[in-house]
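Okay, so here's the structure we're looking at.
Going by the order they are written in, the chains are A, B and C; count residues from 1 in each one.
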Amino acid sequence: MHPTSNRFETNVAEALADEQLKKALARTAVGLPSARERAVAKLPEFEALRDDAVALKQHVLEHLDFYLERFEQKVIEQGGKVHWCATHEEARQTILKICRDADAKTVTKGKSMIGEEIAINDYLETHGIEPIETDLGEYIIQIRKEPPSHIVGPAIHLNKEQVAESFRKTHTDLPPDRPLDDPADMLKEARTLLRQRFLKADVGITGANFLVAETGTTAIVTNEGNGDLTQILPRVHIAISSIEKVVPTLEDADTILRVLARSITGQDLSVYTTFSTGPKRPDDPDGPDEFHVVLLDAGRSEMLGNEFKDMLRCIRCGACLCYCPVYTAIGGHAYGWVYSGPMGAVLTPAILGHEKAAHLPNASTFCGRCEDVCPVRIPIPKMLRHWREREVEQGKASAVSRIALEGWAFIAKRPALYHTLANLKYSVLGLLGRKKGRFASAPFTEGWTKHRDLPAPQGKTFQQLWSEKGGRR
Amino acid sequence: MSGSREKILSTLRKSLGRGPLDAATVKELEKNLRRPKNRVVPVRGRIKGEKRLELFSKMAEACDCTLARVGSLAEVPTAAKEFLRANNLPADLRIAPQPDLQALDWPKNATFGLAGDEHPVGLVKAWAGVAESGTLMTLSGPEHPTTLNFLPDTFIAVLEAKDLLGTYEEGWKKLRGRKQSGAFMPRTVNWITGPSRSADIELTLQLGVHGPRRVHIIVVGEA
Amino acid sequence: MFLRAEIFKLVAMSAQSEKHTVGLFVTCLVDLFRPSVGFAAVKLLEDNGCAVAVPRAQTCCGQPAHNAGDKKNAKDLARQTIQALEGFEFVVAPSGSCAGMIKKHYLTLFTETDPWKKRAEDLAAKTYELVSFLTDVLKVKKVEAQLEGVATYHDSCSGLRELGIKNQPRKLLKTVKGLTVKEASQPEACCGFGGLFSVKYPDISNAIVTAKTDDLEKTEADIVLGGDLGCLMNIAGKLKRQNSKLQVRHVAEVLAGMTEKPAIGEGEG
């Protein structure tokens, strides 16, 4: 998809005016956090597992070159191929070549954020190959030609009427008056339709929740089983993954798995956790003939060396989105790209370039809930602040920010001046506001008073009053 | 593209402020890969015997599996038929071609092999179960086509109580013990925890999205 | 010379009695908008064995600059604040975010070799938010205050997540005669203030504060309390715009039994 992160303010205005989105987000904001809380309460070792996951990820990142090389070696030993891609374009071209070599007409897809990131669907379509999303949520947004609005629940922003409408518009072979009021009806329809696509597909593309260096294994985690049907039915299985997903051993994978589903859906484990190693063996009755792993860098290797390194720990659980007051007010599409919420606000500028997503790190209250719930304890507000620091260093902060902050700092650094001005201004304001105690509007405060009254100062400042009292200094 | 491989690795190293790792460190890391260690393993699954079985049943039922218990493998076909009848499902079994299963007394219309879209019921023998989360563990191979786990609407897994493990770590340990032709990983290891589900439409939970709608586990024998 | 005078005063202060010497960090919002909170803080501290002084050279802790990515001004204001507050046994602020800034963030502003780092660490070690200082350091178990009605509490983000302030205000509020505390369904949800965020992204801020005020209204409480004036002004501003009857005060005002002044955003009539 074409990023619109630089249209953030327009996106936000549209989102805030969308009553239907508001209802959907209210569901997300309450339903998913309560599920997480229940799961966490049932596992006494949860905090220890989080610390363990942090230690694991930090170790891997310090030795990322080693683990990637070992992973590659093992994949090759098992009869698979590894393709290293520095950029999105390279990844697209690599995947297209594999599909062409396989004479592919249709490609089924398990849910993959990297797939969204490189916009592989559009690319394949342009080159005459039909991609079919199989995750129910991804399928819904594919037929609506929308980007995902949440990394785990891509269609979370829709109500069932909208889904039904899309099904009617797209599945034109079916009787137009068929009942589609119940999500169960839509599920049945999608299952039947997609089953046929699964069976006929030439290539299956999945993502990878992690890569295991010990065995050359890629692992996926789904609830639907679509990732499995995507990879065992076609002749070719392509697993696409960014480079930071590798873990050393199968036991290391267990630590990540124990915190992953719990953090988002509240399950101990997702229904299907699948570990895939190489193509099918000579005596396997089913499975793909070819196994490819496409490794994508696209900014990760650089992040390893800068102040955003901790972001590479992200396991894409999506918990931070559900807890974020900004995300739950504006939804995922407002962020303008495939990664939204707090993790999207850190990652999008890192991958697309700061100037293409400058608003995202600024649109945060730093409430800190994201860091609180992140299974791998990423200090997200700190990461967001680093983006703001870069903006200030490059002189790119907004005029409002710069004037307000410089003005304030100038006065605040001069206590005598500060107190004099304060005594003047706040006494006056206090007098003006005495009767009502608030202002519905005031010069230079439109941002505030657009939606809120501004409480009036009480009058003299504390310091002034303290002096008058002869208070101890 | 091999140019990219070198480019990525060299950028990684530059970011980490070093060149390739020294031989001693590499040796140490490789040693750890050959001798994997357990990390934090929750106490929950570290139980044995009947308690382990109780935990497994409790966790599996909480994920919408149904369970039945029989004394021996010989009773499995009856148990399977009973389950299907009780749920108004066709007694039309597609079974994994495993010697243990092939030796049993199945209805005449039961067939063996990999699954296609036309098979409403798939029946397999799970390689292991994991009590920690009520999870079934299966390995792909000539005796267990992976499609049996996913294509049929109803999935029946036979699990011998002696194959029930407590934690995922025990599963990996057991798997490494296979050492078939030096590489112990089959093409596919599946962990299955309940029937297929989705909450993609309005966060309404629904079962049977693409994978089986029903998971029935027949536990055989004593723990 | 200025510093020597301060130290002399301090020695004199503690020689006077066994009292703890506390430097009050007033915070800019309390100083400029609501001094009654400052006086409430002083009363609570003095009632519980503290000799309170208010250094004149304090203005802003630098948190707005820090959060906005303005490292230079944040550091300048940090140095100024450290210098103003160094001479006391404890430093107390009626604000979780300012106390959090001093306690958690000042030390990260200076490199290992910078002499200010040690000074920042020393200040951090003795800086506290007001209510948690009363309960956790002074071991205050109750207050002598009275207020009829039902209160609901808003947990400000910095106080909660940086300093762990959660039970302390509730413990003390329980001892206010006539007062019941009723929890909102999401007391820990952000109010949408976020400093400059509230004016840079006013519409998003509005959506968040509306969710907060809806939740607070549902409690049918008489009064909303909290420990951070920024949040409280934001919440009060929204409530007043909605013509709500809900009153908003800083928790210190209630704990100190000093609720004669109009609530936040209310006038004298």
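One rule holds in what follows: contacts are C-beta pairs under 8 Å (C-beta built on N, C-alpha and C of every residue); 3 or more make two chains touch, one makes a residue touch a chain.
It should be emphasised that the depicted structure is a prediction, and the values quoted were computed from it without experimental measurement.
Taking the mean of each chain's C-alpha atoms, the chain whose centre lies closest to the overall C-alpha mean is A. With centres computed as the average of Cα coordinates, no chain lies farther from chain B than C.
If you average the Cα atoms of chain A and of chain C, the two centres end up 34 Å apart. Averaging Cα coordinates per chain places chain A and chain B 29 Å apart. Computed centre separation for the pair chain B/chain C is 54 angstrom, with centres defined by C-alpha atoms. Residues 1-2, 4-5, 7-9, 11-17, 20-21, 25-26, 29-30, 32-33, 36-44, 59, 63, 113-114, 117, 132-133, 135, 140-142, 145-147, 149-151, 168-169, 172, 175, 183-204, 206, 208-212 of chain B are the ones touching chain A in the complex. Those residues of chain A that touch chain C in the complex are listed here as 12-13, 16, 325-326, 329-330, 362-369, 371-372, 385-393, 397-398, 400-401, 404-406, 408-409, 411-413, 415, 418-419, 422, 426, 433-438, 440, 445-448, 450-458, 460-463, 465-466, 471-473.
Note for the complex: chain C touches chain A at residues 9, 13, 26, 28, 30-36, 38-39, 42, 51-60, 62, 64-71, 73, 76-77, 80, 157-158, 161-162, 188-190, 192-209, 211, 233-234, 236-238, 240-241, 261-262, 264-269. Note for the complex: chain A touches chain B at residues 24, 27-28, 31-32, 43-45, 48-49, 52, 56, 62-66, 68-70, 77-78, 83-86, 90, 94, 134-137, 140, 153-156, 158-160, 163, 183-184, 186-187, 190-191, 194-195, 198-199, 213-217, 223-226, 228-229, 232-233, 243, 248-252, 254-255, 257-258, 265, 267-281, 283-287, 295, 297, 301-306.
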